[in-house]
């Protein structure tokens, strides 16, 4: 990688954006060339990230920023309302989008794939950039082919609104694909406390714990004849996504079309 | 302990009774003096337990067996329908009952305590003889005084009928006694899958997993500011009760009255 | 599978052999046709396994037993001193060997592969028939490609002689193949208690715990930026091998040549 | 607690000091009255902590700061070289010291206890303010009285210099006090990889893992007849000490003399 990859970052003053800026500044093979942040416009992107100034002043408009600075990749972790438009803007500028978001429809992804192919560039949209979490999901799906008795336990901070978590549901979907369809447990089992047996998904159960001090944890437990297999992922902080984003930035340079899901790059 | 403690065993051919016979025969400070088993009557108690003959032939009637053999302690793990009568019979013979059972009413225990005191002997009734499980419950109760955010996860074999387990409910009762009364979780939280958040007990949650290959497991998880504390007990087999029964046999020699709960001997 | 697979078992009165007999008798698609056991010769194989009589009387000589009874598969979990000869005998009779053993040399396996191919039958030799343990090893090897910081913790019964366990060393070998070669930990780290940091294998560490009440457990822990991934296998009893042996018996019918390692059938 | 407790903080610009300032400012029953920080002198203590200004300007000298501002409690998490002098200074001003430090000698603690008693105030020195970690140690010590087969596994960040951790050694000391003296494991056991069985402490073993992404974790595992008991504490961040410091500030108001060890307040 003789030449540095030129990276632009949106939401550079937000929680994820600041981590992205930090990660880009710390990797000698990457170069920060533009930063966009509505409320932080005019400030130095390094300072927005809690570091010393880096010389890149945050702009307020992505289109303008990409016109004025030649970028190879745009990293975008902004909110659902603007992320689609940002992705289109990037592709129009020939800039490869690396996007962390969950709300895209299959139709939108197909459209963006078409735009990427026209522009002859790659793109990446991923709901999850955590390498460990993706491995956990892949392993769980594989194990379920052999050990169909399975339960999922996920733990998140106690102010989370929805249960189960998106990762737990995604894991359950992957497990269900290869698992022999059985309804686990005793057919006559009785819940003395309603809900004790968890939420049912396709014949197996998901349990959601909510405790202060926890960022994100998930354990998938398989039970077999005289044995159990457990696959557990603990995420301690938002920064755990950055190694995945870093790999995404580098891999997106090497293919054409829009990839949905970081697991397809592994 | 210069003299051996003389032990009688009921249900000597049953699953727990056989373990008791084995344990008594293996401890040089104990002596098996009588065994009772309706369907195994006439057979050697050692052979019923899968060992070589020990010279004690199983009788069919407890009253008769205790008349013919001087015993210090009766160990009884029989079924609810006969255990109360067996306990009374033992006390009437001046034999200290060590009983594994859950179904006694407070009134029955009080009556048995009176009978023990009249006979000037000790007695022990315990739903749980597992030292590790009792420590888990004691520790969980203590931790809840300092860390009120708690969830219980219990796992049992997949043919178990009731959820949560008796141990989980007992643990929850003990936790509730010293825990600050708070309703955990986000007040606006939403279960996408009904039951995902588990069964509620006094503001905290219990989750029941049912998997083949598991005998009995429980984990109590506490979440605090930047930390979590977990107390976990795994029981691999019925024989895990025997060290507790052994301690019970020895301790019941030293006090008067009926003790309910093995934890009071720890 | 319209016709039953005819199974012969050696060491039918030994610890593993009895489990094999039980498993064969319980599977309607398998038929026990011969049993060999030196010390149990003349007894019914069902009774040797602690079940009711099954009509197959244990023989003392494998060669004779296979001459008198047409078998499809021989399951052999006997001791290193006889297992090679047994395997050759089976192949000479056109009987597919399914062997649980660790001591074969690469040369022996190659020879047996040749014999199988000449006889146009399949064979299977596996040090480990536990599906969960094999999945654990495969997942650990895969994860190490992405998360090179890894430690292995294995726990076995407290009377085990060697540390680390064979499974831990096998896991370490598989991890080392795809893992970036780094020496983990602080180069200046100091052991206040010698051995605290465990045994080193190719730059990472293995820790062996020995505790009563445990059969076999292993956890592989990966640490990354803000996250950790754990893969854990708990084996509760010898019987945990049987689902793997059962699969082995069925799969060995469908290929030619000797397969070494159950993982190649998954 | 009708009146606020007046709190002074040393090292207010350091890693722990900033957390203390934050905690004090967020608790309505506490009032920050003074802050000391050599390199941050002249700056607002709230700003040093990354919050908005709170009106307390950091001073450079503790003696002067305590002369000018009436404080009830001094919280000191500074370095070994100054912490003893700071503690003496506080007591001389009639200010109760709450100190996080490990290096005090028994003689120093006795002297400080004498000074506290002369001044008729309380004081607290604690190597560990983590409530969860202290509960873990207390539970481990108690469990070891009943289950003498035990191993400790501790995990810290991969740049830590010493192994085992101070917490692991402290836990081992507490376990050793009540545990039956046995040397665990098979007397003939053999380490194929030197160090695999961990570091020995009084007949049991300690295992130290070092992985990136981990702050501080410890698990104490007990093995018994057919069961295991695990007590695990995971610390995610430095801020995990603050609930303990908060309790310390409030409890130190109610007694006289120097207490060494937060566990004595639980």
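For clarity, chains are labelled A, B, C and D in written order, and residue numbers in each chain start from 1.
The criterion applied here is as follows: a contact is a pair of C-beta atoms (placed from the backbone, for glycine too) under 8 Å apart; a residue touches a chain by one contact, two chains touch by 3 or more.
For clarity, every value in this text was computed on a predicted model and none was experimentally measured.
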From subunit D, the most remote chain by mean C-alpha position: C
Chain pair with more C-beta contacts, A-B versus A-C: A-B
Geometric centre distance via CA averages, subunit C-subunit B, whole Å: 37
Rounded Å distance, subunit A centre to subunit B centre (Cα mean): 48
Chain centre separation (subunit A, subunit C; CA means) in Å: 39
Junction residues of subunit A - those touching two or more other chains: 213, 222, 224-228, 236, 240
Complex interface listing, subunit C residues touching subunit A: 130-133, 135-136, 138-139, 142-143, 146-147, 222, 224-240, 242-243, 266
Complex contacts: residues of subunit A adjacent to subunit B: 149, 151, 153, 155, 158-164, 169, 184-186, 188-201, 205-214, 221-228
Footprint of subunit D on subunit A - complex, ascending: 213, 215, 236, 240
